[in-house]
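Each of the two complexes below includes chain A, the first together with chain B, the second together with chain C.
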Partner chain A sequence: MSLISEIDYGTPASHADKTVTVTIDGFAVTVPEGTSIMRAAMEAGIQVPKLCATDSIEAFGSCRLCLVEIEGRAGTPASCTTPVGNGMVVKTQTGKLKKLRRDVMELYISDHPLDCLTCAANGDCELQDMAGAVGLREVRYGQEGANHFDAVKDQSNPYFTFDPAKCIVCSRCVRACEEVQGTFALTIDGRGFASHVAAGMDEPFLASECVSCGACVQACPTATLIEKSVIEIGQPEHSVVTTCAYCGVGCSFKAEMRGEEVVRMVPYKDGKANHGHSCVKGRFAWGYTNHRDRILKPMIRERISDPWREVSWDEALGRVASEFKRIQAQRGRNSIGAITSSRCTNEETYLVQKLVRAVFGNNNTDTCARVCHSPTGYGLSKTFGTSAGTQDFDSVSEADVILVIGANPTDAHPVFASRMKKRLREGAKLIVIDPRRTDLVRSAHIEAAYHLPLLPGTNVAMMNALAHTIVTEGLVDEKFVREQCDGEAFADWAAFVSRPENSPEAAAHFTGVPAETIRAAARLYATGGNAAIYYGLGVTEHSQGTTTVMAIANLAMATGNIGREGVGVNPLRGQNNVQGACDMGSFPHELPGYRHISDDIVRGLFEKDWGVHLDAEPGLRIPNMFDAAMDGSFQGLYVQGEDIVQSDPDSKHVIAGLKAMECIVVQDLFLNETSNYAHVFLPGSTFLEKDGTFTNAERRINRVRKVMSPKAGMADWEITQAIAKAMGVNMHYTHPSEIMAEIARLTPSFSGVTYDKLDALGSVQWPCNDTAPEGTPTMHIGQFVRGKGNFLITEFVATDERTGPRFPLLLTTGRILSQYNVGAQTRRTDNATWHAEDLLEIHPHDAEERGLHNGALVRLESRSGATSLRARITDRVAPGVVYTTFHHPDTQANVVTSDYSDWATNCPEYKVTAVQVAPSNGPTAWQDEYQSHSRESRRIDRAVPLPAAE
Partner chain B sequence: MPEFEVWNEQRGNEVIAAFVQEEGAALPMLHALQQTFGYIPRAAVPMVASALNVSRAEVHGIVSFYHDFREAPPGTHVLKLCRAEACQSMGGDAIATAAIAELQIGWSETTPDGRITLEPVFCLGLCACAPAAMLDDKVVGALDTARLSALLENVRQA
Partner chain C sequence: MSPDKLIYMANQIGRFFAHQPGDKAVANIADHLVKFWDPRMRSAILKHAEAGGQGLQPAVLQAVLTLRADAGQVAG
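After this line comes the complex of A and B, so read on.
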């Protein structure tokens, strides 16, 4: 193991088809036209000294270190800004160049502190390297002249420091913030000698527009911008490439280590999902992995009112096995089940569903995708034939029109959002369909051509109105539909959407968006070139979630926007492995690879491989498990890494269901809200503590690599295997690669996946099989997976959740950049600096009517329950709509959400709840009661007491 | 002698709005703000950024780059002394030293009575009659310390 050092080519790659050949220092190099001399040299292994250039950003030509001589040309041009020309003869090392470079370095060093030995960047400093490279031996100017040594360090950001005394003003940070991240939070303040890097209006970084993505820190060649963890620990000695465990983008990172201690997480340039970029969560928010709240010993208790008791793994596993067996003996085979985690690996999820089907002997397995993207799986499989997005992320750079509906990528999928914003800055047009004015609607250098701020719950009306415009105005791609879609289905659909009740004029009534805006957006989508749809939970988490997914698919098919780069239907999946959890057969009715459990042939395949009989009847979905618990028929639940109490809708119903069960086993990193009702706690492992794979939103299977031993002794897959063993079934896996081999053996779309291939290629996108041995970036090329594209009728049915005099406002929920999902991880990091509590966004008009001021404590009440939180008055939301996040258990936004759900998949309707908002003077009775139970149920009688706090 | 308005947000928005549709609106917008208020109030920077749909860092970068944009209100009169090469070679340094001594303020500062702001400028295009200066919107050439004193005296009396 060693520290992976990635080659910096100095300038970005040129993608020109034509190549040119140049001679650099006597070596002939052939590169695409438009390549810089600097990059061409590096391709040949010749390193031209440089400071202001790095290959993530465009050349700038300011440091004057990379000068070269070109035969037949006067002067010494900068190699970063000079493109190669055919037949060019370049010299990178001459006497003249040496002298020039040394002179330049002397000037730099005359205003740079010489504390290299005690500098945190010692060993990872390009300035130091360049001083060596140019042979700097003296600084004739001395250091006594005017300098910046007394400039004050900015330590406001929790994760990195900015020390202007060490800055060489190369502008790499400023350019990275603009070009890579697209936030434009940095600038050069002043000019000449006074010029310095400034955040915002020369504010502390934390107060500026900075989103703490780390791109500037990554780009900095000195110790000016450096991770606090490096200052504290020192330089790493080895690194391992792995995959971030936060959102569905699936960024590749180098975990840079000292022994088993993480020094920093650095985005990996070869990562095909992120290409070297990161966000505040993946880059910095890994502190939860060794947070003092982590539970590292198995625990059990008889009753949920008892304190926890630490026990051995054997005792805990023995308890799980005996309880589950007892329950099954008393109440039948179907009385227990499990919930798989979208945060665990494919291998781990696969094992849990195997445990349920092969050991429990039923199909009571479900996953948190139930509450997020289950409509995606269903809707896309019925129309296209696969339960996944159609493109890779790179596809966005070919899109001409981008339609974002019910998604807030700058907060929830920030690294992909940066790619999208880059494309928008290049001129792609944007349509945003969202009740809220998200940052994509308008932020620095980005402006949506159309924002359709529809009322929550009216997505289907909106999509039908877009389709109506396209069909009735003759904008259908007739050729595509004729050749690739089911003609009869199309004809029925076209007739349906053409009806007057589906017109924009009719939709305007439901959605609140003027008909002409809807028509204009439809025309742009249909005629603007490559049009791509990106959507999120704002589409799926509705009573008509599946219908909207189908309507989206219809729209893409009708306009021929499927089957090539730059187009498609792209669900932005929430959790790191929610795609994988679905692929791996977590649902009660589907075996891995989305094959129905009632299919005798498929079931036979698994029965033969596993050597057991499998039940052909689908098992219980999550909400049905709670219902069955209430009637006594479902009494045992194994929950792998999901906090259903906080994340599932109508918390009171969830809790009543859990309280009715006899044995709840929670496997997690922390005591969470669900474990308040559990009887056995099994301490899980973080993504740093195990091997496996995650599958991201673009179907990309990325390797997760172990960089430290599991802190509690077992990786999550080992725990599941140990439960099986305790119940009498030995699964015999010694490494997750063996589980993947089994998955590949049993799942056609994964048949070509092996760990060796993943190591060789970095990642692959399923389907990966004999016909696509290196995976499938774009799906449905030339033909849909299901054969002919299927248009489905998508009738708009207003949700039963209605506003009325008692509950006149519509609540919708979402995410914020710094926090992730229920916040179990991010709340235990310094990300809390940005978002310490959930806030209720309310329009100034609605606030005034209720006498609310900004920051006031308010009571948020629905038909299901009430909670209290602080108000933020903003016109980001329309009058009549309020918005909050669900990152904090103190708020428990889901006490308020209803138990309405998607007609096809039971995906809950989080996005529409009729509520009332009123001033409040404290937590609600529910919050008080819940807090007190939560405190009570987290007592631990430790076998060995914890050492006293220092 | 220019008369400036006291900063207020509504007026600032009016000034900004007049330029929103223009191509390359940042500089004209900032000039108009300075003409109206005598300087670019810090509070105006995010407003300009929002109007142009750029970041406030970018606007701050522009404002701080150009010496001509002030970040604080000027005195009643502004004396700009040329500090560029031609004027320096014709005795500009002595004029500068004299001005600083006489006004008892540094560059870009305003006298405590609020009457005069002293600013450096790099070339007024008057090299032929160096050393040169500009008092409010009037240029003055062939300066010597006596003429400088007279100029300052006039301003103080005015």
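After this line comes the complex of A and C, so read on.
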């Protein structure tokens, strides 16, 4: 193992089809037209000295170090800004060039501190490298002249420092922030000697609009912008490529290590989802992996009111097995089950559903994808034939119109949002359908063509109105529909959406958006060229979540926006492995690969492979498990990596369900809200401590690689296997690659997937099989997976969660950039700097009516319960709508959410709750009670005190 | 399991299928229940339907009653 150092070609690749051939230092090189001389040279292995160029950003031509000579041309042009021409003969090393370069370096070094030996970038500094490369031996100007040595270091960002004394004003950081990240937080302020890098309005980084993505740190050639962890630990000595465990973008990172200690996580250029970019979570927020709160020993207790007792793995596993067996003996085979998390790897989730089906002997397995994207699976499989998005992320760079509905990619899928914003800056048009004015609606150099701020709960009315416009104004892609869709279904659908009750004029009444704006947006979507839809939880987490997904699919089919680059229907998945968890058969009604458990042939395959009889009946879904617990028929639950108390709606109901169960086993990194009700705690492992795969929102299977040993002794897949063994079934896996081999053997869309292939190709997008051995970036090309595209009737049904005199406002929920879901990980990192508490956004008008000021503590109450939190007064939300996040357990936003759910999948309706907001003078009784109960139930009786935390 | 909740959920399903074209609403509702509802949920709603099915929309009631045939084999 060594440190992976990626080649920096100096300038971005050209994608031209035409090629040209040049001779550089006597070697002939053939490259696409438009390639810079610098890049062409590097392709031939010739490194031209450079400082201001790097291949993630466009060339700028400011440092003058990369000069070359071209035969037949006067002067010494910069190789980074000069494109190659056919037949060109270039020299990168001549006496003249050497002298010029030394002079340039001398100037730089004369204003640079010479403390290389103690500098944190020592060994990873391009200035140092270039001084060596050009043979700099003396600095004639001395260091006594005017310099910047005393400039003050900015340490405000928790993860990196900015030391202006070391800055060479190459502006790589400024351009990275603009071109790669799209935030425009940095500028070069002042002129000549006074010119310097300024964050925001020349303020500390933390106070500026910087989102801490790290792109500038990555681009900086010196120690000016550098990770605090490198300053603290030193330069890494080896690295391993792995995948971020936070969101569904699935960014590839190099975990740069010293021994078993992570020095930093650096986004990997070859990562096909992120192409070298990252966000604050994946790049910096990994500190939770060795946080002192981590539980490293198995624990058990008789009653949930007892303190925890640390025990051996054997004792804990023995307890799980004996309790589960006892419950089954007393209450029947169907009285226990499991819930997996979409944070876990494919191999882990596969194993848990196998444990349930093959060892427990029932199908009571579900995943937290239930509460986020289950409607996507159902809706897209009924219309297109596959339960997944249709494109890869790169497709966005071919889109002309981008329709974002119920998603906030700048916060929830930041790296993809950067790509999308880049395309928007290139001129693609944007339509945003969201109750809230998300950052995308108006940000640096981007303005949505249309923002449709609909009332929460009216997505279907809106989609039908868009469809109405498209059909009645003759904007349907007749040819596509005729050739690729079911004609009869289309005719029924067209007649349905054409009805007056589906017109924009009728929808305006429900959605609150003027009819003319809806019509204009529909026209743009249908006629603006390649149109792509991106959607998120604002679509799925509704009582009509599935219907909205179907309506979205209808719209894409009617306009022919399926089956090529630049178009499609793209669910933006929340957690890292939502797609994978669904693919792996975590739902109670289907086996891996979305095949129904009642299908005798498919079930037969699994029965033969596993050597057991499988139950043909669907099992309980998460919300049904709580109901069944209350009536006594469901008493044992194994929860892997999921905090259902905090993430599921109507917490009171969830808690009542959990309290009614006899044995709850929680496997996690930390004690959490769910483990307050557990009897056995099994300490899990982080993504750094295990091998496996995650499947991101574009169906891309990425490798997760172990960089350190599991701190509690076992990787999560080993724990599941040990439970099976304790219950009498030996699974015999020695490595997750063997689990993947089994998945491939039993699942047609994965049949071509192996760890060897993933190592060779980096990643593949399923379906990966004999017809597509290297995977499938774009789906439904020429034909839908189900044959003909199926239009479904999507009648708008208003939710039963209605506002009234007692609860006049609509609450909708979301998430923010620096925090991740229930926040168990991000809260245990310095990301807390950006989001110390959940805030309730409320419109100035509604705030005034209630006598609230900004920052006031308010009571948020619904029919289900009440909580209190601080208010933020903003016109981002419309009057009548309030908004909050659910990252902090103290807030317990889900005490307030109702238990209404999607008709097809029971995905909870998080996005609409009727509430009232009033001034408050402290936490609600529920919060107080909850806090003390939570403290009580986390007591641990330690046999031996733990060693001091790292 | 509380019949109120099951009735609500069944009617929600009914509403979607009732609006699809053709006369397959009853069959589609029944199919959805068989495919997605755990046997104990199905027996609970069937019991309610057999007792008159108060609160169930007509098509849903009809669909639930068709579950009778397989209700016996799933009861365990």
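To be clear about the criterion, the second predicted complex is superposed on the first by the 945 of 950 C-alpha atoms of A that agree within 3 Å, B and C clash if a C-alpha of one lies under 4 Å from a C-alpha of the other, contacts with A are read in each partner's own complex, and residues count from 1 in each chain.
Definition applied: a residue touches a chain if its C-beta (ideal position, glycine included) is under 8 Å from a C-beta of that chain, and two chains touch if they have at least 3 such contacts.
Remember, it's a predicted structure, so these values are computed and weren't measured experimentally.
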Contacts of A:539 with chain B and chain C, given as first, second, both or neither: neither
Partner chain(s) touched by A:351 [first = chain B, second = chain C, both, neither]: neither
Touching partner for A:334 - first (chain B), second (chain C), both, neither: second
Which of chain B and chain C A:628 touches, first, second, both or neither: second
Touched partner set for A:41, first chain B, second chain C, both or neither: neither
Larger contact residue set on chain A - chain B or chain C: C
Which superposed partner A:186 touches (first chain B, second chain C, both, neither): first
Partner chain(s) touched by A:840 [first = chain B, second = chain C, both, neither]: neither
Common interface residues of chain A - those touching chain B in one complex and chain C in the other: none
Chain B partner contacts - residues on chain A that touch it in the complex: 183-191, 198-202, 208-209, 442-447
Chain C contact footprint on chain A (complex, rising order): 332, 334, 364, 492, 543, 546-547, 588-589, 596, 598, 617-621, 624, 627-628, 630-631, 633, 792-793, 795, 797, 901, 903-906
Of chain B, residues touching chain A in the complex: 42, 45-46, 49, 53-61, 64-65, 67
Of chain C, residues touching chain A in the complex: 1-2, 5, 9, 12-13, 15-16, 19-21, 32, 34-41, 74, 76
